[in-house]
Structure formats: C-alpha cells, structure tokens
Amino acid sequence: MATVRLLTDDELAPEARSVFDDIRATYNTDYVNDFWRALANDPPTMRRTWLALKEAMGPGALEPKVKEMLYVAVSIAHGCEYCIHTHTAAARRKGMTDAEYGELLGIVGMAAQTNRLVQALGVPVDPVYRV
Amino acid sequence: MATVRLLTDDELAPEARSVFDDIRATYNTDYVNDFWRALANDPPTMRRTWLALKEAMGPGALEPKVKEMLYVAVSIAHGCEYCIHTHTAAARRKGMTDAEYGELLGIVGMAAQTNRLVQALGVPVDPVYRV
Amino acid sequence: MATVRLLTDDELAPEARSVFDDIRATYNTDYVNDFWRALANDPPTMRRTWLALKEAMGPGALEPKVKEMLYVAVSIAHGCEYCIHTHTAAARRKGMTDAEYGELLGIVGMAAQTNRLVQALGVPVDPVYRV
Amino acid sequence: MATVRLLTDDELAPEARSVFDDIRATYNTDYVNDFWRALANDPPTMRRTWLALKEAMGPGALEPKVKEMLYVAVSIAHGCEYCIHTHTAAARRKGMTDAEYGELLGIVGMAAQTNRLVQALGVPVDPVYRV
Amino acid sequence: MATVRLLTDDELAPEARSVFDDIRATYNTDYVNDFWRALANDPPTMRRTWLALKEAMGPGALEPKVKEMLYVAVSIAHGCEYCIHTHTAAARRKGMTDAEYGELLGIVGMAAQTNRLVQALGVPVDPVYRV
Amino acid sequence: MATVRLLTDDELAPEARSVFDDIRATYNTDYVNDFWRALANDPPTMRRTWLALKEAMGPGALEPKVKEMLYVAVSIAHGCEYCIHTHTAAARRKGMTDAEYGELLGIVGMAAQTNRLVQALGVPVDPVYRV
C-alpha cells in the first residue's frame, strides 16, 4: 500500500505532466508505471530522478539487456519487490533468456553468500588488488 | 583484520589442499586469494562454497565479463569491500572497459536511489507485471 | 502476515498491560499499534523496547517532526514497510508538510545513490575529516 | 583503498573540471572531497550525480542542518563509512549540536531495533494507516 | 507475487524431480515449500542450492534448533519475509520455546541497534581483539 | 576512524562513569570496549543502550554461547566489522568451538544465498505457514 495517492493523468502538475510525456516518448508506450504516479506527488524529485535514470539506462557501451540485469541484481540485494518485478520484466522484454535469468539468480545467490562469508571473516583486501 | 588466521599452503588440511589445487587449476594461476586462506580454517564450508561458486561462475549463457559485473553489483549493495575489489579486478581482467565500468556505477547508483524511493512510497507492483 | 498472534487487550499479561497503559497515556489516544500487539507476546522485550523508544523519541533538542523524519529515513534504508508507513504518518501528524516530505524523499534517494557509489569506488575518508 | 585513482586537478577531463568549478563555487571552498576525485574517472556519472545532489541538498523547506542529519541517518543504515564521516562533519558545520547528534544516534539505534523487530514479527500495516 | 510460475510436480524437469525426491526423503514429508517450486524453473541452481543447504543444515556440532534460529536471525537482518516465516516455523518444530523466541527477538533487536551505533561512530576494532 | 573522541576514564561524565562501573562489574573485568568510550560522549544513549543490552544478553532460556552466536549472525548481515570481531571473540570465550564457528559461517552463507533467491523470485509465504 502506498504512502501517497497514485496520481491519474488528470491530476498531474504541469512539471509532472511533461515528465510523463517524456517517459511515454522514451519507452514508446502509453503505459506509465505506478512508481511515477506515486513520485508525481513531488514533481522536482520526479523530474530529477527520471532524467538521471534515462541517461544511466540509455544507449551506451553495455547492452540494454545487461543494464537491466544489473538493475535487477542491485534491487534484489536491496530487497525492493517492486523494482525486482518491473526490471525483471524489462530485462525479459530486452532479450534476457530463461537460461540467462537462471545464471543471474545463481550469481546473485553466490555473491550474497560469499559477501557475508568475507565480512564474517574480516578478510582485508589482498595487497595484489590495490590500484 | 581477519577473525581467523590466513593459512599458508603448509598449514592446509588435506580437504582444503585439494580445493586449493582445483582453484589453481581452474584459474590457471598459482595465486590463491586470501578469502580462501581464511575459509580454509573450515574445510567443509570452503569446499562447498568453492564448488558452487565454480559452477555459478563457469561457462554458460552469459559472458564471463557480465557475470563478474553482476557479482560486483551485488557486492556493492551488500557493502563488501573485499568482494568489490576482487571482482572489479576480475571483471577488468575479463574485458570490462572503463566505459562499461562507468555505466555499471551509474546503474548501481540509480538502482539504489529508485529502490529506496519505491520502498519509501510503498508502491505495490503494477497488476500488468504479474506473471 | 505475522509470525505471532496480535493480542487483544483481554489477552495481555500484566506486564504487557501496564506498557499498553503507558503507551495510551504517552500518545494520548486509545489506539495501540499492531506492532505492540505482536510484541506483547514477549512482555520483557516489549517493555524494554517501549521504554527506550519513549526516551529516544521524547522531548529534546530536536523537533518532534524532525525526529520522526529521521526515523522514516532509517526505516526506508532498512526496507521496513510497516515502520515506513507508521512513522511517515506520525511525521505528518507532527507537522511535516508535503514539501518537506518531498525533500526527505529526495535526500534519501541521493544518499542511497552516493552511499553505493562511494562503496563501489572504495574511497577512504579524506584525512581532513579525521576527528 | 579505492578501485580507481583519485585524480588531481591536472588530470581532469574538461567535463569533470567544470563540475569541480561548480563544487568549489557552491561550497565556497577550494577543497574538493576525494569522492569527487574518484568519480571524476567517469565524467558523465559525476556530472549527473553532482547536479542531482546540489538540487536535493540545496535551499528548500528543510533546514540545511536537518538535511545533512537525514543524509547521515541513511548513510549509517547503508554502512557507508565515508559518507557517515563527511556528512556528520557537514551537519556539524551547519549547526548540529552535540545534543542533537546524541539524539540522532538514539533515534537511528531505536529505528534499527524496531525495524528488525517488526520484520521478525511480520506485522502487516494497521488498516488505520492506509492512505 | 512470484516472478516465475510455481511448478507443480507434473511440470518438473527430471533434474528438478530428483531434487524434490531428496527434499521429501530428507524432511520425511510430502510437502515441498513453494520456494523450491519457484526455483525449479532453473534446475541447476536449484540442485546446487539444495545440496549446499542440506549439508549446512544437516547434523553437526550445533543443535538443529539453534541452526534454525541462526537462519532466522540472518533472514530478519536481510528483510526476507518468506525466509523469516518458514524458518521461524522450522525452529518451533525443532523445539524453540516461546521464551527462546522472545530472547532471539531481543538479541536481534539489540544487535541491530548496536550495529548501527558502532557504524555511526566509526569505532575501530579494539587492538585486544586482533587475532 | 571514529567520528567522536574515545573518552578516557578521567573524561567521563558522572552518568557515563556509573555505566562504566556497571559494565566492569557485569563482565568482571577492568577492560571496557572502545564502543562504550565512543558512546560515552552521549551519556543518555549510552546508559539506555547498556541497560537494554545487559538485559537482552543476560541469563535466560538460551545458552550464553548461543546468544553471542545470534549476535554475530546479525552483525555479519549488517556488515558491522567491529561488532563481528567483538562478538565472535565473546562467543569463543563463552565456549564456541571451531566446529561450531564453521557451522555458523555455513548457515550465515546459505541464509544469505536463499534470502536473496527468495526475494529475487518474489515467492509469497506458503499458506501452510500462516499463524
């Protein structure tokens, strides 16, 4: 349950409306995720977050599919159910296969395990890895 | 500082020694990370962890470089300094460019930001994303 | 879904009942949050937690509204949906405006982002910040 | 130890140099934190992060001191040693007293405790808190 | 809501079916948790996870009840609602009393509190605790 | 590096001094951990934390060794290096054997792995586990 109302298109302030327009144009779809309908209650944070997100997830050196898989990995480690669902769906739309998803799960699980083992043991970084 | 002693090759129990042999053969190097020298104090956990890690990070559908980048992403979200250093180094060895590393950082940062915004707002998963 | 039953007033042990009395007197309301009805299954932990909470959140140098906003910020970072909802509501009751809530969201999001970037990069604390 | 080199002023790319100029002008000091010297290795992420941070932490409804204290609270929950140090120092520069810092610690500690108790008990949000 | 379908017994691949057989034999029950029905979509990760879990949670130096309580403690700190529920139930089946559960809650809460206070204060490990 | 000075015995306020006396009497040792020397800068938070900790970790239904092991497990999941070191040392003083420590590590690692797998897959709690 949200702490704020999810705004309908009719309730958007002008600054939020123009972000919605850009989201729709960028993703080439009329559907806008409920995250934006919640964040639209604070247009400056929404605009700033959207512009940064669009830039970070836009065309670059990494494949769009890989970018979404990295997003999913971080979202799992932060326990964000909404983000896991929406970015897993986005990764699939961008080409992630079942086999790739299975490997992602395997890596996230092993990283979680060794992260905690290393922290439990307090191992300092090997001198050979110093930049 | 570690909670256990980092074992030298001479101090390894037979079960741990055979894991060291496999690590050296798998990575084709004589160097064994200090994590394993710490975990070698408990050979069963070390063997189990190594075999699972070798399988999860072994050849598959995803590029080795991408696998390491996913590992780095999770390690950052868990705040594991050791893991971040060693897997960032591994990703570079496997071909991660500076541009790709910059994009990884950008994605991890934006995911962290939107993960917390979504959790702050308590947005339920949009019905359209239900499997 | 809770791991324990939420106790009704009639089911409280005497030690838990006296904590309920103090909660009602402190907040000047008959309503007691379900968190306490769950924790009432273990009266010593409930009493200890309540007394410490009452002291930490009681009158002091910081405004009550700011105290609740700090509580919300921590709860978001820990991903505690219940705590986010109840303390966001409490912050509003104590005067947090929509604009202040928007700024809180913006700060939490940016802190999450830079926290993870700093950890990714492993930056040591600048010598000038040493106490 | 950082995963990248901390760049000196002489090593900055033009895009990073102009961000440094803005940081110095905004904070009215010649000193630039090592975080920016690390992030300067990826100018686009650095520029985007700086502009968003400047906006989120700039003048608004909340006092600058309170904004920094919220930043500290999130940084503690994420275990970011660097961020804790630099933002605790910033909060003090902006007027946080010892008494206020003590209350911040008390609130962060109690929030951490009750966050985990609530999650342990799995308490659903009380219907009265639904927006 | 799951990101994958929960597989029925009839939909299992042979590798997943043999893991189900081992789960049923190990726990001496026909009921298989939905976690495995989800993970069965990726048989290699499922098999690897099951075998490691069976070994880590199998007979050893610690009582089965204590092992489950440690599992619960970690799951609370990671905010995994599913894991908290299933392992709290398992700990009870293996003999955890109400008094022991109350003490577990108390310890998890105090550890969370002091963990964050220590991180807030940045206290280095006392030299006397060096191994 | 700490954000506050570690106070010597001579610098303690009376309220902090009396907590130090109680710590020394409770643990029957003259040594006081640096955590308390840091927290002594805010006597009310220090006193409140100490009294709650003494009660939660005092005699009860669980063995002192098990209580410390639960403390270690939570501290690992929160990535608190200081807490991991001091409570691992305390668990050893209270009888934790090398074999038990190895099992603790194994359980923490597997819990971390399955916690994240469950969250990745978004598995709802099985109806049979509802209280």
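Descriptive notes on the structure:
Letters A, B, C, D, E and F name the chains as they come in the text, with residue numbers starting at 1 for each one.
As a working rule, contacts are C-beta pairs under 8 Å (C-beta built on N, C-alpha and C of every residue); 3 or more make two chains touch, one makes a residue touch a chain.
In this text the structure is predicted, and so the values were computed from the model without any measurement.
Two chain pairs are in question, B-F and B-C; the one with more C-beta pairs in contact is B-C.
Comparing the contact residues of chain D and chain F by number shows a mostly separate set, under half of all numbers used being common to the two copies.
Taking the mean Cα position of each chain as its centre, B sits at the greatest distance from chain C. Taking the CA centroid of chain D as reference, the farthest chain centroid is that of E.
If you average the Cα atoms of chain A and of chain B, the two centres end up 20 Å apart. For the pair chain A and chain F, the distance between mean C-alpha positions equals 33 Å.
Shown for chain C are the residues that touch two or more other chains, namely 1-4, 39, 44-45, 48-49, 52, 55-56, 74, 76-81, 84-85, 88, 105-106, 108-110, 112-117, 119-122, 125. Chain E makes touch with chain D in their complex at residues 72, 76-77, 79, 81, 84-85, 88, 105, 108-110, 112-117, 119-122. In the complex of the two chains, the chain A residues touching chain D come out as 1-5, 44-45, 48, 52, 55-56, 125, 130-131.
Against chain C, the residues of chain E that register as touching in their complex are 79, 84-85, 88, 98, 101-102, 105-106, 109, 116. Taken together, the chain E residues at the contact with chain F in this complex read 1-4, 6, 31, 33-35, 38-39, 45, 49, 52-53, 55-57, 60-62, 66-67, 69-71, 73-78, 80-83, 85-87, 89, 97, 99-100, 103-104, 106-126, 128-129. Put simply, chain C touches chain E in their complex at residues 1, 3, 39, 41-42, 44-45, 48-49, 74, 78-80.
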